[in-house]
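First chain A sits with chain B, and in the next complex the same chain sits with chain C.
What follows is the complex of A and B.
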């Protein structure tokens, strides 16, 4: 008799464990989908986007919808997978789209002009003195763009959309 | 990619393959891996080719009937289709950044008579890696 009551308790406990696990699993799936395909917070740091983004690190929101539907354009701050190291993600500004003519200074005396090839973008950091970008590794394919930054969450005095 | 995939033109069904994405954690590939990547000239198109050379390798190509040796830059790879006669690959658009790779093909899953592992083969005589 006691065995039957124990079995009843185990069954209800097991059912509750499964229900709770199902809720956690559903939450993790929703989090994964949102982070990869909708909007995600990212910590960005480094001197290459001064004064737009701080040196010591800002938390920004990046959306992952625009680059899939081709709505990334000149002037957008984007997250780009580095063409030199695929495990690193860079934060730069799009300065030229495909077909645009871009001029940049190789050294203070000479400037060079290139046309951005089809399917590529030209990215530059706002702080041209301390940024490794398209001036060094050339135009990057549009497929390397991971998302567009549209909002800053941290630090609190920088809360809001980014300036152009 | 004939004859690895779709060996006969105008077959009843196209081949279906299994693409694994665990390789995207570390972006470590081997010579001869078949990968799926976004086209560098049109991000909406995906191509499926074989990695022939990895970053730092020297690859022998023929450009305008001149033999040439190129070094694959850091962070890039050289991809070629198995059917070299009709394949748009790195021989036309150059080495591609590894960040464009979206997955590695491990098995053919359809049609049933072609189910099996996708082998890793590559022309060793055209690639040299000095490490």
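What follows is the complex of A and C.
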């Protein structure tokens, strides 16, 4: 008799656990879909985008709509999956779109000019002295762009849109 | 008074509409997450993967787990976002991983050898005469891989199975043949013709139910 009452309590407790877990799972799904297809906060760090972004880390908002509808253009700061290491995502600025002619300095004496091929973009970090970007690994296919950065949330004195 | 009752009805109807919409939205969310992160059916068409995949279109199952954990290797058929047109997704075979040396014919006289750089793969279509692949646009970054094809869905051939084997064609046939036997014989010949038209290599992960001499074989 006591065993049956224990089983009854256990069943109701298990049902409540499942309901709570379902709510949490639905919330995580919604959060994940929003992060991937609308807007996501991202922590970016490194010296390659000084002075626009800080060395020690900024929390920026990146939207994931523009690159799917082809609205990424010159001057945008984008999140790009690295063509050298597919598990890393870089934050660089788009300097040239397909068909543009790009000039860059390979070393202080020698400048080189290339045309960006079809379906590719040319990305460069704002801090050209400490950035590994398209000057080193060439044009990057447009399909590797993950999102466009449009707003900075942290640190508080940098709150607002990024400077051009 | 009647206005209040109308508003009460409208409120309950709106609540029911919202509940139904929420159920449909949750189902679509689940379907979308499964398609993007687990497994998705995809229609692939084109001449560049003959004879492995058909010209007029195949429905294949592609899984989206392997490329995220780095398990894509040489010989896999993968879905790759095109580096030339970012809105198109190609189906090609991975022929070389990063660090591999790849040789290919630029024209029938001249062969070229390249080393695949770090973080890139070399993709080629099985039908080298009608495929625009890495031989034209170079190595493709690994990050453009969307999924790995592992199965082909061929429900078309399942329609030809039948529990009783057809009578084998012999010389001593009677003049009067029942319509049902003619039907089975016709299907039998049709099945043979269809099988020969789409000859598939054996080492693929696809299965058919095929009747050969009355024995049902699955391979």
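To be clear about the criterion, the second predicted complex is superposed on the first by the 149 of 164 C-alpha atoms of A that agree within 3 Å, B and C clash if a C-alpha of one lies under 4 Å from a C-alpha of the other, contacts with A are read in each partner's own complex, and residues count from 1 in each chain.
Here is the rule we go by: contacts are C-beta pairs under 8 Å (C-beta built on N, C-alpha and C of every residue); 3 or more make two chains touch, one makes a residue touch a chain.
Given the structure is predicted, the values throughout are model-derived calculations rather than measurements.
Enquirer: When the two structures are superposed on chain A, do chain B and chain C clash or fit side by side?
Expert: clash
Enquirer: Looking at A:26 after the superposition, I want to know if it touches chain B, chain C, both of them or none. Which is it: first, second, both, neither?
Expert: Second partner only, chain C.
Enquirer: Pick one for A:157: touches chain B only (first), chain C only (second), both, or neither.
Expert: Neither partner.
Enquirer: Touching A:120 in the superposition: chain B (first), chain C (second), both, neither?
Expert: Once the two structures are laid over each other on A, A:120 reaches both partners.
Enquirer: In the superposed arrangement, which partner chain does A:143 touch: chain B (first), chain C (second), both, or neither?
Expert: both
Enquirer: So, does A:82 touch the first partner chain B, the second partner chain C, both, or neither?
Expert: both
Enquirer: Tell me which stretch of chain C runs into chain B once the two are superposed: 3-11, 147-155, 165-173 or 183-191.
Expert: That would be 147-155, the one stretch with clashes.
Enquirer: Shared contact residues on chain A for chain B and chain C?
Expert: Of chain A, residues 81-86, 117-120, 140-144 contact chain B in one complex and chain C in the other.
Enquirer: What residues of chain B sit close enough to touch chain A in their complex?
Expert: 26-27, 37-43, 73-76, 96-101
Enquirer: In the complex, go through chain C and note every residue touching chain A.
Expert: By the definition above, chain C touches chain A via 26, 29-30, 32-33, 81-86, 117-120, 140-144.
Enquirer: Spell out the residues on chain A that touch chain B in their complex, using ranges where they run on.
Expert: Touch list, chain A to chain B: 81-87, 117-120, 140-145.
Enquirer: Residue numbers of chain A touching chain C in their complex, please.
Expert: Residue list for chain A touching chain C: 26, 29-30, 32-33, 81-86, 117-120, 140-144.
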